[in-house]
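For reference, chains read A, B, C and D in written order, and residue numbers begin at 1 within each chain.
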Amino acid sequence: MARRTAPRVAVLGAAGYAGAVASALLHRHPHFELAHVTARSDAGVPLADVHPRTRVPLVLEEYDPERHADVDAAVVAYPHGAAAPVVAGLRERGVRVVDLSADFRLHDRAVYEDWYGDHGAPALLGGAVYGLPELHRDEIAGADLVANPGCYPTAAILALAPLARAGLLGDVVIDAKSGVSGAGREPTHDKHFVSVDETVTPYKVGRHRHTPEIEQELGGVRVTFTPHLVPLAHGELVSCYVTATREEDVAGLYADAYDDEPWVEVVEGPPGMQEVRETNYCRISVHGDDRTGRIIVFATIDNLWKGTSSQAVQNLNLMFGRDESEGL
Amino acid sequence: MARRTAPRVAVLGAAGYAGAVASALLHRHPHFELAHVTARSDAGVPLADVHPRTRVPLVLEEYDPERHADVDAAVVAYPHGAAAPVVAGLRERGVRVVDLSADFRLHDRAVYEDWYGDHGAPALLGGAVYGLPELHRDEIAGADLVANPGCYPTAAILALAPLARAGLLGDVVIDAKSGVSGAGREPTHDKHFVSVDETVTPYKVGRHRHTPEIEQELGGVRVTFTPHLVPLAHGELVSCYVTATREEDVAGLYADAYDDEPWVEVVEGPPGMQEVRETNYCRISVHGDDRTGRIIVFATIDNLWKGTSSQAVQNLNLMFGRDESEGL
Amino acid sequence: MARRTAPRVAVLGAAGYAGAVASALLHRHPHFELAHVTARSDAGVPLADVHPRTRVPLVLEEYDPERHADVDAAVVAYPHGAAAPVVAGLRERGVRVVDLSADFRLHDRAVYEDWYGDHGAPALLGGAVYGLPELHRDEIAGADLVANPGCYPTAAILALAPLARAGLLGDVVIDAKSGVSGAGREPTHDKHFVSVDETVTPYKVGRHRHTPEIEQELGGVRVTFTPHLVPLAHGELVSCYVTATREEDVAGLYADAYDDEPWVEVVEGPPGMQEVRETNYCRISVHGDDRTGRIIVFATIDNLWKGTSSQAVQNLNLMFGRDESEGL
Amino acid sequence: MARRTAPRVAVLGAAGYAGAVASALLHRHPHFELAHVTARSDAGVPLADVHPRTRVPLVLEEYDPERHADVDAAVVAYPHGAAAPVVAGLRERGVRVVDLSADFRLHDRAVYEDWYGDHGAPALLGGAVYGLPELHRDEIAGADLVANPGCYPTAAILALAPLARAGLLGDVVIDAKSGVSGAGREPTHDKHFVSVDETVTPYKVGRHRHTPEIEQELGGVRVTFTPHLVPLAHGELVSCYVTATREEDVAGLYADAYDDEPWVEVVEGPPGMQEVRETNYCRISVHGDDRTGRIIVFATIDNLWKGTSSQAVQNLNLMFGRDESEGL
């Protein structure tokens, strides 16, 4: 009897931070084979020259649908807008896709176009599954196209889903703090070390594109979402302020939601960004503010891992019938 | 005609971060004479050995009311509770005081005792003035005892006062981020470099003692206030989320409040913590979130300067009839 | 046929940084069983409360030779001086030891006592093996007591051993830069975030105790060794300046020495501290300075991993006949 | 009698870090008038928009020799090579110049061309004075063209000049650590926050262009000079290792050299980079390594202040007959 061969996976856009981490995880994964790593800007260069920490012995190539779609699955790490047509091409060839962009996260095309502009492959929107395993595990297992959540939404939705499900979300403020890798690898003035060091900078106030995703997955509640850049490399904390619609056993809701989840840790003390660094964990801590009646929920993740690439692998594991924690 | 001699000032508790900055500012001030610097732990050591950046050529001495109260004014940089009796002693000797502790900030003794425990000199509460010049300039000018605001309240009150005065504060969440010097100089596990680096940590959730001060100065509105430690040395940002009670020309309110203020800069872009480092400036930026109707106000200060010690000098200038910006 | 049971290992001093990393590595190691974690200061507390990142589900206990020496091996993470008697006790009970302290690193008792004072178990000095696998692999495999190298010596010796073996070391200056975790977990003024941030600080100039270890392993050459504290958590770089005794094919020496080494990477570009973080790798880069004739060698490691605890596991693997890379 | 008007100064290249600091210092200087600030890339933008911390109320303009040479002096903050022709033009119009580039630092044109390529205004080389006041105070006072030293040379030369003068420099290794602002404001991969954070990176090993300057001012001795990038914004430390040619009272040499210098502090403890931040100070500490006979000298400066722009103002003060510390 022939041994089942490992599913072959390509990572498109592997020269960015997210693509590099996805490549490293898949390269050392016991049950996938990393078949191709592609990139536009650094084509011809070994991935390990651009990102030595990955220690992936493959050369970056310019993506060529003829040559690189000979795989069972692809992780697409393209900018928003650029991803949709490439994903459509891969799907036509029968390749299963985890897409790291926002292109397939929003079910409602009108909402997408409000925040992002025209959509490049609207026909695929209906079949895409929002890839947050803790909320959509079963759908992911059967999906051919998984829209991997944004980093902020991963943390914010995990922080608030137990309250949302119980109908407790009356009024929501999400104040997020993120390391600089979340802003991508392209060198710009605002990512220059001197610009980031010894300061905290709010950005895209009232108009960050992760907002509609959070609202979709929390059942449509309106949220104020404000991200801040903090002087660290990777890691993300969301501080969520909720005016509850009624009294409730909040601790019980979180225990029910997460006691059996392998990658969510509900803790009593501070959430602990260092504890999730380069892991697939999300750590959550919940507080009541008796004076004001608010519930305050903190959640922390590594934006490049649970916030992007290790979650992509978690999704791939589910899509291919493996234990979702394999290789993580 | 004899030249007026410079008022002599003592700094009590000069070995801490705040006391050291106050000493340095007064040492180089054109119109005060720094007469004494005292400290318990480092008595006998030159201040410039403990804090070389100050370049103050005085030796720290253990405070002795007999010897060190021969001054016109004192800046008291003691912990809460420890300050009150020392301030009382100085006032009995006719010394004018800027107290950096919380002991005289709250007008309502019951509120103080709720948050801090017994008060050590309640008789002085009535005469103390809350030392935020932008709100209480005239009272400070005539005061003998000025309670210097906490660092978070300085930023939060300046951020929200224009809305408070207009009766617009319906619901307030304040999410604050502070450098580590705000937590003091004593070495502890949570201030160890390794504990702070590459992480953001909320602390004293729902119970930080700066809360009642903020509420007092904003006219009694309830606020949710959550500070976070961020990996930087000094600097502080407050992100304030307000559900306004009605529509209003918010930009106009801030222009009215601050156009003539020498140390408040209302800016359009991000507030800019680096821009206020080692200055007496507070920078404020105001945003409307059209989707949710919220007003979002950011304010940033250097917690050791406008948040503590340069504000103390601003207050001393006012108390002694000088231009409030002298030496700053 | 009965399955061989996993060797049981205790970590003594598991509440410090090094002990915690060793515990985490052994807990998830496929062929060792972490049997006990001990600590003086936090006895009774789960290790995962003190160091959540370890996720080790054991409770710290005060070390008791009667109860905790029921193991096949121990990693001893005690301060210098305190380790020797405990190691002696473990050896008497037949426990094999990797000692992280300096107590058994120097073969010459007189040299030890010059730098450290009296030795607590001189009888064991003769049998101890210096635990740098790249230099002493075979001896380690047969040893019952392995003296794990200091973090600086690990990097410095790996950087210079190929030159030392070739007799090229004429004159050596080692300028080292280390993250703060190298200075230990105890909170002190010099490890306070504010003291370390935005500065570089040389310390123990001319008298750091890692010096004699480096000299011993490099064949007795005198070195000037100067460590500096830099604002980062873990990671270490040594910059070594050598006046060579003659011309030689230096690149060839490094290729010969390290081409087959699994954990040493000789690279062309900068050494790359981020590339070794939380790994057992040492990265080395070698440069010739034609103008002065000097050879400049850089080596970087994670001081808590290859510099201490992952190297301890590498040694344990060798001592117990496993592949030296297992679990790393 | 008419009041002497303040000399008018232009800063060319004011959008970079060095030009911005020079502009800020001159704007608030009691005896110069900042007349123009010019820049190529941000022409038309207020300097305070690009560098808000300067609070300079001038608009950046593209440099126009017809309009901007109506000044008494200019600080030229151009890249090497670009400076020479502009400086020549200014000199033709009688404008006195402090040039921050390397173009006029090396007296020997051949040495310049070895390291930098063709020289754009060799006729001016003879009249330029190397602008290190502690070494060349009198010449600077009479100069029309001052070549402001590089940041590393400022620290290294001040560290070693007392030994050089005494003929003690036998063999010199300089290992330097610099904050990222030293590498300029242009965004590049190697200045991206994520590239710099948690690492130390040597660069231009054996071929940094500050080397010949150091050698020129130390009397021609050959030095090995290796700079490293460290994760901080500004500040620079040089660690200098010297094999002395003979025994000597080293402490006395430093006392003789610097006791009367207003901006050099010789200290016993660590040099203290935080103590010189945003000041014109250089702090030096000297150690003997008895075991190896080496002398180890540390010097620290703020690379943008004493290393560049405040030193430029110190030079301007001298050139215009003012106290050299004015406005610093």
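In this text, contacts are C-beta pairs under 8 Å (C-beta built on N, C-alpha and C of every residue); 3 or more make two chains touch, one makes a residue touch a chain.
Keep in mind the model is a prediction, meaning the values are calculated, not measured.
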Chain whose mean Cα position lies farthest from chain B: C
Intercentroid distance (Cα basis), chain D paired with chain C, Å: 40
Euclidean distance of C-alpha centroids - chain B vs chain D, Å: 37
Distance from the mean Cα position of chain D to that of chain A, given in whole angstrom: 46
Contacts with two or more other chains, residues of chain A listed in rising order: 179, 197-198, 231-233, 272, 274, 277
Contact graph of the chains (line, ring, star, complete, other): complete
In the complex with chain A, residue positions of chain B that touch it: 171, 173, 175, 177, 179, 197-203, 205-206, 211, 222-224, 226, 228, 230-233, 235, 237, 239, 241, 243, 270-274, 277, 287-292, 294, 296, 298, 300
Contacting residues of chain C [partner chain A, same complex]: 52-53, 197-198, 267, 272, 274-275, 277-278
Touching residues (chain side chain D, partner chain A) in the complex: 17, 179-181, 185, 187-189, 191-198, 231-234
